[in-house]
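Order of writing sets the chain letters: A, B, C and D. Residues in each chain are counted from 1.
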Amino acid sequence: MSPLLAIDGLTAGYGGLPIIDNINLLVAPKEIIVVIGPNGAGKSTVLKSVFALTSILSGSIRFANQEIAGIATQKLVPMGICAVPQTRNIFPSLTVRENLDIGTYAAPPRNRAEVEESVLTLFPDLKAKLNQPAGELSGGQRQMVTLGRALMSEPKLLLLDEPTAGLSPAYLERIFDLILAIRQTGITILMVEQNARQALSIADRAYVLVNGRNFASDTGANLLANDEIRRSFLGGSRPS
Amino acid sequence: MDPVGLLFFLVGFLIMAGIYAILCLALNVQWGYGGLFNAGIAGFFAVGAYTSALLTAAPAQTHLGGYELPVLVGIIAAAVTAGLTGWAVAKICIRLKSDYLAMASIGIAEILRMVIVNEDWLTNGSLGITNIPRPFDGLLQGREADILFLAFVWVIVAIVYLVCNRLYDSPWGRTLRAVRDNEDAARAVGKDVDSFRLQTFVIGAALMGVAGALSAHYFRFLSPEATEPLLITFLVWVMLMAGGSGNNKGAIVGALSVWAIWSLTEIVTNRLPAEFATRSSYIRMLLIGLLLQFVLQKYRSGLLPERSPGIAFDKDKDKTHG
Amino acid sequence: MKKSIVMAAVAGLLASTAMAQAEDVKVGALMDVTGPLASFIPPLMNAANFAIKHVNDGGGLLTGKAVLVVGDSQAASQPAVDAANKLVNVENVPIVMGALASGSTIAAATAVTIPAGVVQISPTATSPSMTGMKDGDHLFRLVPSDNYQGEVLTKIVLAEGIKKVAITYVNNDYGVGIATTFNEAFKKAGGEVTAFEKHEDKKNSYRSEIATLAKNGPEALVVIAYASGSGSKIVKQAIEGGFFARFIGTDGLRDDQLIKEVGADALKDSFFSAPTSPDKNDASAKLHEMFNAEYKEGADKPFVDQTYDATFLAALAVEKAGSTDRTKMSQALRDVASAPGDVIGPGEWAKAKELIKAGKDINYEGAGGSYEFDANGDVTGYIGKFVVDGETYKQIAIFQ
Amino acid sequence: MMEFINFYLIPGLALGSIYALGAIGISMIFGILRFAHFAHGDVMTLGAYGTLTAVWVSGLHPLLALPVGIVFAVLAVLAVDKVFYKPLRELPTIYTVIASFGVALIFRSLIQLVWGSQNEVFIRGVQKPVVLFDLIRVSLLHLEAIAIIIGVAIALHYFLSRTQTGRSMRAVSDNAELARVAGLDTEKIVRATWIIGGSLAAIAGVLAGLDTNIQPNLGWNLILPMFAAAILGGIGKPMGALLGGMVIGLVEELSSYPWLTDEPLINPSYKTATAFLMMVILLIFRPQGLLKGRLF
């Protein structure tokens, strides 16, 4: 099966200064791919490069067999790529419904009502808060709003940048469950995570980045079982 | 063409340019070093101008002051009062983020302007203060005296320049730039960010006061419209952006070149036929507007950009220390 | 960058001066073209140009033509000094006409023209502080100091039988000067001032100010302000609010602009004071006729007479001095402006040139007065009383 | 009491409407393009002169000729944005702020070149006030201004909360980075901002011109109170700016009402200062503005 997203020899960074160097990464349809690594390894830069938010120095990014390196962000959304940034990822003064609506503007869904219905089924917490400004919600609920906003455009590929950053453990579990549920609807997911242990447990495959380079890649289970990986990146040797 | 005349024109031109150079250096301390968006430059300029004028002018019944103190005392007092005003402003609004600080400082400058126009007993209101002396008055007569004043102004420019350079290279200056570039990080390593910013603001304001004082002594006359807030503030900002913020030489070069644009355009538009005399002034303003846009777009990081953060320099220093 | 601009400017300068006739004489003019007084300038610029035109049509200045060089003083000190510096040092003018606002006039004089020994004639600056200035006989003006117009206005108002007025004045050198003198003189003469309030020039609404001014039953509102600034707005809003029906104004308000904005009907009980020519001198009427024939309109705008006269006098002084020698200008100016001598009126350049050539003394009697300078370079003028007559003003009495 | 309504309250509301119309645009531009648009007052002036020309040509009432002024002002700001602001968009906002200052200068000198610097009036003569029961005595224009601001408030509310462009504008103002990630067409939103800001400025310019007269400094003289209004309302909050404008207008006029004694509470010479004082106090105690605006 041909990959949905293929990153090949990508070197990219900001203002001519490379952060990631010669990165290779493949995402097959309906996979959950997790990128882990120490702070400053360039994990988020990989996501941002796909989304044209960095300057790409060399290499290629292919989405559904089409070169997308350098295509403007606003054109990627209609193609089916949707990104969820790590922080500041809602529109605080817009209501929850308006936040969701924003997701439909760049890529109008075939049936808006139906899509909203399915999003609200995934995130029942939001139903009661539809007319509340999103800025008044809790951290976990905000994460749901931003995921919901991304889903409204019916993406093929969802890019998640540390979706559990700063969340309480209770919400953390729920978000990972939701990510699995989103994959169930047929959406491919590429995510960067600090909570590597839990992330690996839901990942089909994972990439380990160190100093802006590929360090290792394998299935989530294999990486969890790998002692060296566990020592270096998962904080201690205790299996989950 | 009279070469003597041209010489004296140049003298007058450079006096004004020197006063602007001081303003520009002062703004560079606030913005270039500290990242503080002061849009109330004219306010501090005015406070300095009036302080020095009131202390040094001949006695008058219509307004306060007229103590005939030496000019140097007036200028030092100008720095002190403008610095104090800066301190009060900073105390109130230093925590505001940049654009809000800008708005607050515009507002305060505007209030200061109204006080100056309205409080006749203090400033003689819109009638202004006359008989303001210059340093070394009487040493030379006529326009030759301008040459002395030119030297006086540029000696002060040189002093301000040296002080600003020392500040830039000092540990204080480095901390400031750290605050400017990454406030949170500076806070995290235990720097009292607010106090640093306050100091920057006060130093800049005091220097602006000095420039104001010099302008009052140059004109020998001071009235409220000499401190038109939007004109002065705007020109100084353009000068700093054109010269290169963060760089003291750039600040001076910016002041000279933008003042040249401002002043010399008139010589060009005066070549238009006399029937266009009214229009040529509008054409001149248009030309100034367009030239400034050109400078902004063409010299984005200024004619002399800020020295690179000085990584190599700092590393060497670390080595010698450890 | 800076060098190249300076070089280019200097090169342009040299080229253009080389092109001008060597015998042409530049007459400097400081005009507040841009800035807060901008709306006054177009007719005044015409007035200055008109005087120069008369000079050139009447045989030119010295052996060449007169050329007006205008510096934009922007009604503020800094631009005024900068502009004066260019006129005096780059354009090398022998004499300067201007500026209009007192502030820009004083700053240009103290920082540039007095030190350089250049005579400066302001057509309109009224600030009392100019009287005592140590100017080495270089600073002249064609309007009486505020102290004067305020006192005369008192006479005019009392003669109308008005005993109780409210005063509002624009907070600039013009307004403060006249209003303060009028206030004191009026009270001293037994009048009652119910309110004496300054106002800011640039506001859109003065209604709350007017509401305060109307308290305690004043018979009329004295408005010391420019018609193109706050003056018209105040008169209009006072009428609309039903506060005042009668207004007293000075030369700043006595402007066609006021009639244009308020309408003649609403001003039928109002009257105005303005510097004028002495009795029996038809110079003003003559100038206005010529001016309107040339420019279609604007002769009756404030300060047109004085601006024309100042420019004409500047040229006369140069002609009288016989050269562009700056040191001779102040004596020459006093010679041509003051009695005795053959009377010269506006436009009579050829006659003046002839008389000067013949070594005769002349005495310019201008459209705005006869200009007998005292030791301070001030004039005691004549103040006329004006009322609205159709679309313009009519002088109905003269006071001294 | 009647004096209060006739000469303080209604004129204050009318003045507030003019400020509000300008401040809405300033606030939107601040929110979406992130810079203080110092040329906004001169956009008002352009709108007034555009309308004036249409009145001269057609003889229509200024409010009917207003669309011409609106189109004129909008075309001017779109052109200026393209030529002068857009090239600086990736740079720190200070560049654009300075550029807008230069644009203000350019606008003003162009106006003086084309129309001259003398004052013009839309309608000659004193306007008969509307007199009701011999008590209410207000200018018709002021009632029109208040009606216009109410209409604008309703239309603006509908636009911002119900239309795609309106919501997108609020989204960009809230979080520009995220709006880009969400695929919103930023340039289109920027264009909409200029169109709305320019139109409202033109209306404000014509109202100000009708109230007094039209001259090249018309809008420039109003820019600072309008900034104060935008800040007061909370940056990036058009409805807040509207409210802020009304508050500033009212405070300016009401501050000189004899509240306590027979004397005006605040000397009218300091009328404008009250606006800035309010702004500064607000910035210190509630920097996000009356309606919670964005903090930088």
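The working rule: a residue touches a chain if its C-beta (ideal position, glycine included) is under 8 Å from a C-beta of that chain, and two chains touch if they have at least 3 such contacts.
These numbers come from a predicted model, not from an experiment.
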For this session: Check B-D against A-D and say which one is joined by more contacting C-beta pairs.
Result: B-D
Exercise. How many angstrom between the C-alpha centroids of subunit C and subunit B?
Worked result: 34
Exercise. In whole angstrom, what separates the CA-based centres of subunit A and subunit D?
Worked result: 43
Exercise. Can you give the whole-Å distance between the Cα centres of subunit A and subunit C?
Worked result: 74
For this session: Enumerate the residues of subunit C that touch no fewer than two other chains.
Result: 34, 36, 41-42, 171, 198, 200
For this session: Send over the residues of subunit B in touch with two or more other chains.
Result: 117-118, 278, 282, 284-285
Problem set entry | subunit D residues counted as touching two or more neighbouring chains | 109, 112, 117, 269, 272
For this session: Just spell out which pairs of chains touch, all of them.
Result: A-D, B-C, B-D, C-D
Exercise. Hey, which residues of subunit D end up touching subunit B in the complex?
Worked result: 30, 36, 84, 87-88, 91, 93-95, 97-99, 101-103, 105-106, 108-110, 112-113, 117, 224, 227-228, 231, 235, 267, 269-270, 272-273, 276-277, 279-280, 283-284, 287, 295-296
Problem set entry | Residue ranges of subunit C touching subunit D (in the complex, touch as defined) | 34, 36, 38-39, 41-42, 171, 197-200, 202-212, 215, 228, 232-233, 236, 239-242, 257, 260-263, 265-266
Problem set entry | Of subunit D, residues touching subunit C in the complex | 3, 6-8, 11, 14-15, 18, 109, 112, 116-119, 121, 124-127, 129, 137, 139, 208, 211-213, 215-217, 221-222, 252-254, 256-258, 262-264, 268-269, 271-272
Exercise. Contact residues on subunit B for subunit C in the complex?
Worked result: 1-2, 5-9, 12-13, 16, 117-118, 120, 125-128, 130-131, 141-143, 145-146, 215, 218-223, 225-226, 228, 231, 253, 256-257, 260-264, 266-268, 270-271, 274-275, 277-278, 280-282, 284-285, 299, 303
Seminar exercise, completed: In the complex, subunit B touches subunit D at residues 31, 37, 92-93, 96-100, 102-104, 106-108, 110-111, 114, 117-118, 230, 234, 237-238, 241, 278-279, 282-286, 288-290, 292-293, 296-297, 300
